[in-house]
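Multiple structures follow.
Each of the next two complexes has subunit A plus one more chain, namely subunit B in the first and subunit C in the second.
Let's look at the complex of A and B:
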């Protein structure tokens, strides 16, 4: 299953190139211009701060796309073929979850390379820890995407729900702004941002790339545990839900 | 004309069938205003604060344009779905000319965008200020032209892409290019300054200046906030954009939709 999902992903060369252009255009356009707008008192170097956050945002978006693949398969009748394969339902969903996460990670790898070039020096040990956390985060997001896709079974609703989730959980995280500023702006937003897996991933990545000076991360263990919990929940609960919902049709 | 009205009715009925879509779009737009803009308000530099006073106020007109873009773009998604599910054969079998069908689709996309955008524009008026009646009419006319152009753009993409994933990816690319290279999220003066400093390609500066999204956002800002300066040439930008994509989409819809 993992091999199939990765092979499928690399068939979409056009999409991969376009998404790489998204990433670079966000750095060049939004990152560069917004950094001119932000006070250095709030964030010392907003450009670097944003580039690190953008890598996590891109990883999140790439991992979410496995859900759209599931709808394409349901629409074209490939789902029935997958169900007829000599693998258990659990193996099927676990394979898809790992495949979705892994391909997102492979896709984001070169983009993380670009980020590292922009961000500069790296502490190797911290970077490996943060990379491991991003791996788990990617599997967790892809598990979440699969879980939601099989619960909703409607591509329209899935697309819009992913849009809403993206709007809320990305904006209520530290991807675009530091936690201290979010807390000052609104304590409720700050509370949500403190328990957001994207916050954990973004902060750990900044910590791993050595730009923790512009974030407030006292203990990297806490976000790491948060990401492990997120991964475990959506991988293992996702397997159970997938197992129950996968059959019976009803795809729209 | 009657045929076009039938298409409008069909598309408006479809629009209201997608209640989830509308709820989702509104949530996304409001999240931008009430989360992102409020937090950015705390981060803007003194220099920018002198120009725009508050990021929340600055962004509110941009939000109306963002909402207009998202909802006018929805027609493309429906047409892409019709094409994938081969519903377009039914549409082509209707007793009307291809031209009427194509014009009806472009027009309904734009009108649906306007309908969706109105509450966002009203929110903007409530938080900032109310324009005079002539200013309001001009705002609505320019936004209508913009909506038609966006609807045309989305239809052109929809008929040229064969899968939902490709359509969504192309939508993202168009969104990032048009929005980030405009004055929706930040003042145009910042982009121009970066261009003068040699840190931003002049071609992108020019693109931001002639971008119809910049023209529409800045026109509303001028009427409600008194800045940035408003030039009538910006209305020409929107008019040209609307003309290109209305005719382009009509042509593309008529030609590509018939292909196997």
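Let's look at the complex of A and C:
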């Protein structure tokens, strides 16, 4: 399953190229320009801050993509085929969740490489820990996408919901601005951002790439635990819901 | 042969629609079982339940030693399915599809490469293996679907309308491969609405209509079950009025129609056994014959006999 999902993703060459162009444009256009007007006590170098957050944001959108695959499969009847394969349902769902996460990670790999080039030198150990966290984050997002896709059962609604989710959970995170700034804008926003897996992923990546000085990360263990919990929850829930919803023709 | 599949009261309802209605059936190991019926008869739904893709509303089935409700994973492991509509994403290539299928089914690398090549070549697909599926014809996509099962070589193969959209030469190749597959010990469930295909391939045939199994037997027995189903047309050289009465004395003869004075149409059972006796009788009576023609009933006639509709009519009414 893992291999299939990875292979399938990389057949969408147009999408991959466009997303890569988008990523680079965000760095060389938005990042460079916007960083010139942002200089606060919380963030002295917004450009580096933004590049790190952009990598996490791109990983999130790539991992979400598995949900769209599910609709495409339902439309082409591939669901029935997958369900008829001589593998257990658990293997099937875990395979999909891991496949969805892994392919997003592979896709974002070169983009993270670009980020590292922009961000400069890193502490190898911290970087490996943050990479591991991003790995789990990617699986968790993939599991979340699968879970939502099989619950909603409509690609249009899924598309809209993902847009809303993106607006809410990405914006209410530290991907684009530090927690202190979010907190100042509205304590409620700050509360949500503090319990957001995207915040954890972004903070850990910044910690891993050595720019933790400009974030409010007291202890990297907390976001790491948050990401592990996010991954475990959506992998387990994803398996259970996928199994219940699709068994018996529930995807139709 | 022992039964490899035992279906007990298998039922599937979609809202108020009863797609499969208390299906009871046994399929023997090593046979080609033809599941015959028009579109909408419940064949595909029955197959999907049997292969654990969808859950029955009621009843169950035993596949080998496994109950599909209690051990779906084990039961599923015995099946390989070639679906009616090819199931594939259009960005994939035939090679990707069959090779991945073989991997999931646990074939070793060497075995997989060998079988993929063999089957793709046998089905004339090898030259198209790297093309995207969307660039292939309907017949070629169907071949990709059937190739999956032929590569997998499952204990029980389900082939749902395996030769739909495939040209005559391709049909015969696939039939030959399915027979060989059966001869190697696999059981094949052939769901089809092509009566000729069912007749050519099946060891036994079950006719489904409106979700129910109407009848199940060998094609020969089914044809013989139509009383007076065989027709023998006898052209005499001269008029012979006594012949009609003599023919009616055979217990297998149901009716004799004198189309013209020297042209008789005899409706009877088991024509292959009775015709030699008729010939003997005519020779003894010194009656000369200019021609004799035997017409056996087809599965079309069997379908009409049991449903009151031709398969085309049943298809139109959506039954």
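We adopt the following convention: the second predicted complex is superposed on the first by the 244 of 252 C-alpha atoms of A that agree within 3 Å, B and C clash if a C-alpha of one lies under 4 Å from a C-alpha of the other, contacts with A are read in each partner's own complex, and residues count from 1 in each chain.
We take it that a residue touches a chain if its C-beta (ideal position, glycine included) is under 8 Å from a C-beta of that chain, and two chains touch if they have at least 3 such contacts.
What you are looking at is a predicted structure, and each value in this text was computed from that prediction instead of being measured.
Placing subunit B and subunit C on a common subunit A by superposition gives a fit, with no clash between them. More subunit A residues lie in contact with B than with the other chain of the pair subunit B and subunit C. By the touch criterion defined above, A:225 reaches neither subunit B nor subunit C. By the touch criterion defined above, A:78 reaches subunit C but does not reach subunit B.
In the superposed model, A:68 makes contact with subunit B only, not with subunit C. Using the contact criterion defined above for the overlaid structures, shared-chain residue A:11 touches subunit C, although it does not reach subunit B.
Looking at the shared chain after the overlay, A:237 reaches neither subunit B nor subunit C. Of the two partner chains placed by the overlay, neither subunit B nor subunit C lies in contact with A:188.
Seen from the C-alpha centre of subunit A, the directions to the centres of subunit B and subunit C diverge by 90°, a value given as a multiple of 10 for the model superposed on chain A. Of the two partner chains, subunit B is the only one that A:32 touches; subunit C does not reach it. With chain A fitted onto itself, subunit B and subunit C come no nearer than 10 Å, counting C-alpha atoms only. Residues common to the contacts of subunit A with subunit B and with subunit C across the two structures: 12, 72. For subunit C in complex with subunit A, the touching residues are 48, 51-55, 73, 76-81, 83, 85, 87-92, 96, 100-101, 103-106, 154.
Taken together, the subunit A residues at the contact with subunit B in this complex read 12, 14-15, 18-19, 21-22, 25-26, 29-30, 32-34, 36-40, 42-43, 46, 65, 68-69, 71-72, 75, 155-157, 159-161, 163-164, 166-168, 171-172, 176-177, 181-182, 184-186, 189.
Remark: subunit A residues 1, 3-4, 7-8, 11-12, 72-73, 76-78, 80-81, 83-89, 247-249 touch subunit C in the complex.
Considering their complex, residues 18, 20-21, 23-25, 27-28, 31-32, 35-36, 38-46, 48, 84-85, 163-166, 168-170, 172-173, 176-177, 180-181, 185-187, 190-191, 193-194, 199-200, 204 of subunit B touch subunit A.
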